[in-house]
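Given below, in the form of C-alpha cells, are the structures.
Two complexes follow with subunit A in common, the first pairing it with subunit B and the second with subunit C.
Our next item is the complex of A and B:
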C-alpha cells in the first residue's frame, strides 16, 4: 500500500478513538473510582454482586432478551423462507414493509405500543368487537409488553440476515437433495437449515445483544415488573448521579455482551 | 434400469407453450442426447422427467410405471446439474453418501458403495475434501458419483459439461462415456453442443420449439437430416431453395432467386413444386478453372456450379472457401492435401458433388 493511502483511514480511526474508545476508557476510569472522589476502589463492582436485586434483575434481563430472540426467530425464519423461496414478484414489497418501521422514530414506536396495549386501548377495543375481551387487559406495565415491543423493533434484523442467507442458497441444491431421494422435510434439515445457519446466528446476535442493553422500552412499557438492567444504569447516571456505580454496572453488562457474542459466534462455528 | 417413454407431453408456462405434444422413447440402457438451441424445451423435458415441473398434459413412464404423480424423491432418478449442485457444507464423501442415507441403508453398506463409486470416478483420495477445494472436472465427477451411487432407473444430465474448458470437456466426455458404459444405465443428456451430442450418444433427439424434429443415430441425423432445421443445427450446410422446373432421374433443375441451376440430388422432387436441397461443405469437390477450361463446352455441360472464390479461411487441417455462384454464397471445405495455396481469392472454381450428398429436405411445417 502506498504510504499516503494509509492516511486515508485516519479520519475514521480518529473518530472511533475520540467517540468510542476514549469514552470507554473514561467509563472504565469512573467504574473504579471511589465515591468520595479520592483514589480507586473495587467497591463499585463488589456492590453489584452483594445485592441479590441486581443479580436477579440481570437474570431477568437475560431471560427476557432470550424470549425476544426466540420469538423473533420463530417469526423470522418462516417469513424469510417464504420471501426467499416462494415469493417472486412481491418480494421487494414485503421486504419494504418489514423495513418501514426502521424509519419510524423509536419513541413514536414505543408510545404507539403504549396506546395499543393499555387498558381500554386499541387492542382491548378490537378484542371487544370480537367478543373476546376481559375487563382490563393488564398487559401494559408488564414484562410481556416490553417483550412484545422489543420483538417488534428487533425481528426485522433477523428477517433480513436469514433472508440473505436463504436467498444465496442455489435452488439446484434443494432439487439435488430431492432427486437423491430426500423428502421436503429432510431437505430442510439437511440442506436448507445448515446452509442458512450463518444467517440465523447473525440474526440472534443482532437481536439478543441490543436487547440486553435496552432501557427505553422497559422504562415506558415495563413498569416495575418489566425493568431491565439498563434502567438501573440509566437511573444511576440521570437520577442518582452515581456515575461510578453506573459505570461499573455498564462494564459488567459489556462483559456479558462480549461473552454472549463469543458463545453465539461458537454456535456458528460448529455448524459451518 | 428401465426405458423411459414420453407420450403427448405438453407443458405451458403462462401463455408460453414450451413442450407441444412431445413423444419420445428412450430405450433401456442407452445414452440419448436432447439437442437443441436454448428455449427448445430440452431442459424442461428433463425437469419434467425429474419431477421438478408438472406437465399440463401427457404422460411419462419409467419402465411400466406412470410417474406423473410420483413426487421427485420417490422417482429413483439420478441427476447431474449444470452447476453440479454439490452440497457445500458437506465433504465429498458425505455428498455421495447422501442419497444412500435417504434409502436407509446400513452404515457398512453405505461405506462400501461410496468407496466403490469414488474409486470408479478416480476420487478415492478426495473423500474428506469440501467441494470448493476441488477443480471443476473433479466436482463434475463427484456430482456424477453422487447421482450414480444410488443406482437410479434413469440418469439425467443437464448440460453438465458446458462449464468446463474445452480440453477438459473432451477428456470428461471420454471418461463419462466409459463410466456410463460400465454402469449400463439409461441416460438422458441435455446439451446444445452438437459435437458433444455426437461423441457421447447412442441416439440424438433434435428438438425445436417444443417438438422432436428428428431422432436417430448420430450419423443418421448428420447424413440424413429430415429437414433444413436439423441439417442447419448439426454442422454447416449450404441450402438450395427454389422451384423445380424440371426433374430427371437424378437431377433437378431448380429455379432459385439467384438464377436457375441443374443439380444432381439424392431424391428428385416433382416438377412445379417448391423444394429445398442441402449439401454439406465438406462434400463439395472444388476444382480450379483455368481460362481455357472456362470456354470448354464439356465443363459447362458437366453438372455442378461455377463460382468465384471470395474469401478463404485457413484452419490448418482444412480450408474453407466462400464461393460466390451467381450471387448465391456457397461454403466449401477442402481437406489440406499439401497444396493449400493452389486456389486463391478471385479464382474461378467448379463445384461438383456426388448425387447422394445433395439431400432433399422435407418441407418445414
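Our next item is the complex of A and C:
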C-alpha cells in the first residue's frame, strides 16, 4: 500500500480512538473509583459478586441472548441461502425488504410489538379471525416478548453477513461436488456450510453482543420478569448516578463479550 | 459488486436509523428587545414559567423578559448551578431531593421572606419546609406540590379504594401496574408495612412486601406515557400514579379517578431558589412572588397544573375538582413528603429494588 493511502485510514482510526477506545478507559477509571470520590477501590467489582442476584440476572440475560441468536440463525441461514443461490432477478428487492425495518426508529418498532402482542391486540384479533380464539394471549410482558422483538431487530444483520459469505462461493464448486456424486446434504455440510462459516460467525457476534447489553426492549415489553442486566446499568446511570458501580458492571459485561468473541472466533478458525 | 451494494444498503440504513434517533434541538433565544431586563430561569418544560398566557402580564408589568432554560433532571440542575457563571441563572426550581445539597454547597442565595408579599399566604407546612431551611435561614420557596398515589378505572372498579394496600390486593391480581422506581417502591411498601416512609428500618419486610406485590402486576411502568397506554387499552384497572397526570387524563375524558388514601401516600414539592450568581435579585423576588400568588397558582391549577401552595388559591378551587386531583387539604395532610437522601441510602434502596425486579 502506498504511504499516502495509509493516511486515508486516519479519520476512521481517530474516530475510533476518540469515541470508542478513550471512553473505554474513562469507564475503566470510573469502575475503580471510590464512591466517596477519593482514591481507588475494588469494591464496585466485589459488590457485583457479593449479591447472588446480579450473577443470576447475568445468567438469564446470556440465556435469552443465546435464544435470540439461535432463532435468528435458523431464520437467517435459509433466507440468505435462497437469496444468494436461488433468486436471480428479485434478489436486491428482497434485500431491500430486509433492510427497510432499519429505516424505522428502534423505539417505534418496540412500540409496534407492544400493540401487536398485547391482550386484545392485533395478533389476538388475527387469531380470532382464523378461529383460533384465545382470550388473553399473555405473550406481552414476558421474556418471550423481549426475545421476539430482539430477533426482529437483529436478524437482518445475520442475514446480510451470511448472504455476503454465500455470495462469494463459486457455484462451480457446488456443481463439482454434485457431479462427483455428493448428495445435496453432503454438499451442504462439506462445501457450503464451511465456506460460509465466516459469515455465520460474524452474524452470531452481531446479534449476540448487542443483545447482551440491551435494556429498552426488556423494560417496555418484558413486564415484571423480563429484566436484563442492561437495565441494572441503566438504573445505575440514570436513576441514582451510580457511575462507579454502573461502569464496573458494564466492564464485566465487556469482558464477557471479549471471551465470547474469542471462543466464537476459535470456532470460526477451525472450520476454515 | 453485489456485496458492495449490500454493504452500502446496510451502511445507509445504519446512518438513517441513527439520525432518526436523535432530534434536532433548536434554541429560540432571539435578542430583539435589547433594553428589556432579562430574567434567566431554569425550569422544567411546560411548567408555568414558559406559558405565554400566564407570564405575559408579569413581563409587561415589570418591562422584562423571562428567558427559560430547561432541565431534564434534578441532577442536571445541580450541575448547571455548579458550573454557571455569574448572571447566567437568576431563578431555578430544585425539589427536595437536591435542595439540601444545593444549599450545602452554597449555590443558592438566602431568601428574605419579608420581600415576598405572598409568602404568608402559603399553607403552614410549606412556610416551614425543613429542606428549604438551613441554620434557621430560608433558601428556597415552595412553588407547587403533588403526590404519587392510586389511580383506578372507574368503569372497572366501582368502589373507590381507601387504602394504599389496594396496590397489594390480590383482588386486582393481573390488573395492577406498579411504578418501576426504587424510591416510590420502597416508600410505598414502607407505608403499607406501617413504617416511616422516609426512614424505614425493617428493609426485609419491605422487600418481602414488594416481592409479594410483584406477582400481582400486569407490568411495571416508568414513563407517564407507558401508564397512559396501559390504562387506555384497559390492560390494567388500577395502578400507582402521579396526581398531575391523573388530572390531565381525566380532563382528556378518560374514566380515571385519583385517590390519596387514608393511610397515606408519597408527596413531592418543587421550590424556587435564587442562584448565587444572580445579578437580578430584585426582579427574581418579584418573579417568585408572582409565581406563588393566588392568581397565578389558581389559574395554573385549573388548567391542569400541579397543586398550589397558596392557601387562597387552593380554597378558590372547586372542591370536587380539587379532591379529584388530590389537591385538597385532606390529601395534603395525608402525604409523607419525599426527603433528601444520601447517596448511600439511594444505593441501598436501589439495590433492594433491583433484587426484587430480578428475582424470579
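By our rule, the second predicted complex is superposed on the first by the 255 of 272 C-alpha atoms of A that agree within 3 Å, B and C clash if a C-alpha of one lies under 4 Å from a C-alpha of the other, contacts with A are read in each partner's own complex, and residues count from 1 in each chain.
In this text, a contact is a pair of C-beta atoms (placed from the backbone, for glycine too) under 8 Å apart; a residue touches a chain by one contact, two chains touch by 3 or more.
Just so it is clear, the structure is predicted and the values come from calculations on it, not from any experiment.
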Between subunit B and subunit C, positioned on subunit A by superposition, is the outcome a clash or a fit?
fit
The chain contacting more residues of subunit A, comparing subunit B with subunit C, is C
If we overlay the two complexes on their shared chain A, which of subunit B and subunit C does A:91 touch? Say first, second, both or neither.
second
A:190 in the overlay: touching subunit B, subunit C, both, or neither? Say first, second, both or neither.
first
So, A:240: does it touch subunit B (first), subunit C (second), both, or neither?
second
Thinking of the overlay built on chain A, is A:172 touched by subunit B (first), by subunit C (second), by both, or by neither?
first
Taking CA centres, what is the subunit B/subunit A/subunit C angle in steps of 10 degrees?
150
So, A:181: does it touch subunit B (first), subunit C (second), both, or neither?
first
Is A:252 touching anything from subunit B or subunit C once the two structures are fitted on A? First, second, both or neither.
neither
Once both structures are overlaid on their shared chain, how near does any Cα of subunit B get to a Cα of subunit C? Whole angstrom is fine.
20
So which positions on subunit A get touched by both subunit B and subunit C?
none
Can you tell me which positions in subunit A touch subunit C when the two form their complex?
35, 51, 53-54, 56-57, 91-92, 95-96, 99, 102-106, 114, 118-120, 141, 160, 163-164, 167-168, 219-220, 222-225, 227, 231-232, 235-236, 239-242, 245
Which residues of subunit A touch subunit B in the complex?
170, 172-173, 175-184, 186, 190-191, 194-195, 271-272
Given the complex with subunit A, which residues does subunit C contribute to the contact?
2-3, 5-7, 9-10, 13-14, 16-17, 20-21, 75, 180-182, 214-215, 217-220, 222, 226, 229, 233-235, 343-344, 346-347, 350-351, 354-355, 357-360
Of all residues in subunit B, those that touch subunit A in their complex:
50-52, 71-74, 76-79, 81-83, 85-89, 98-99, 102-103, 146-147, 150, 156
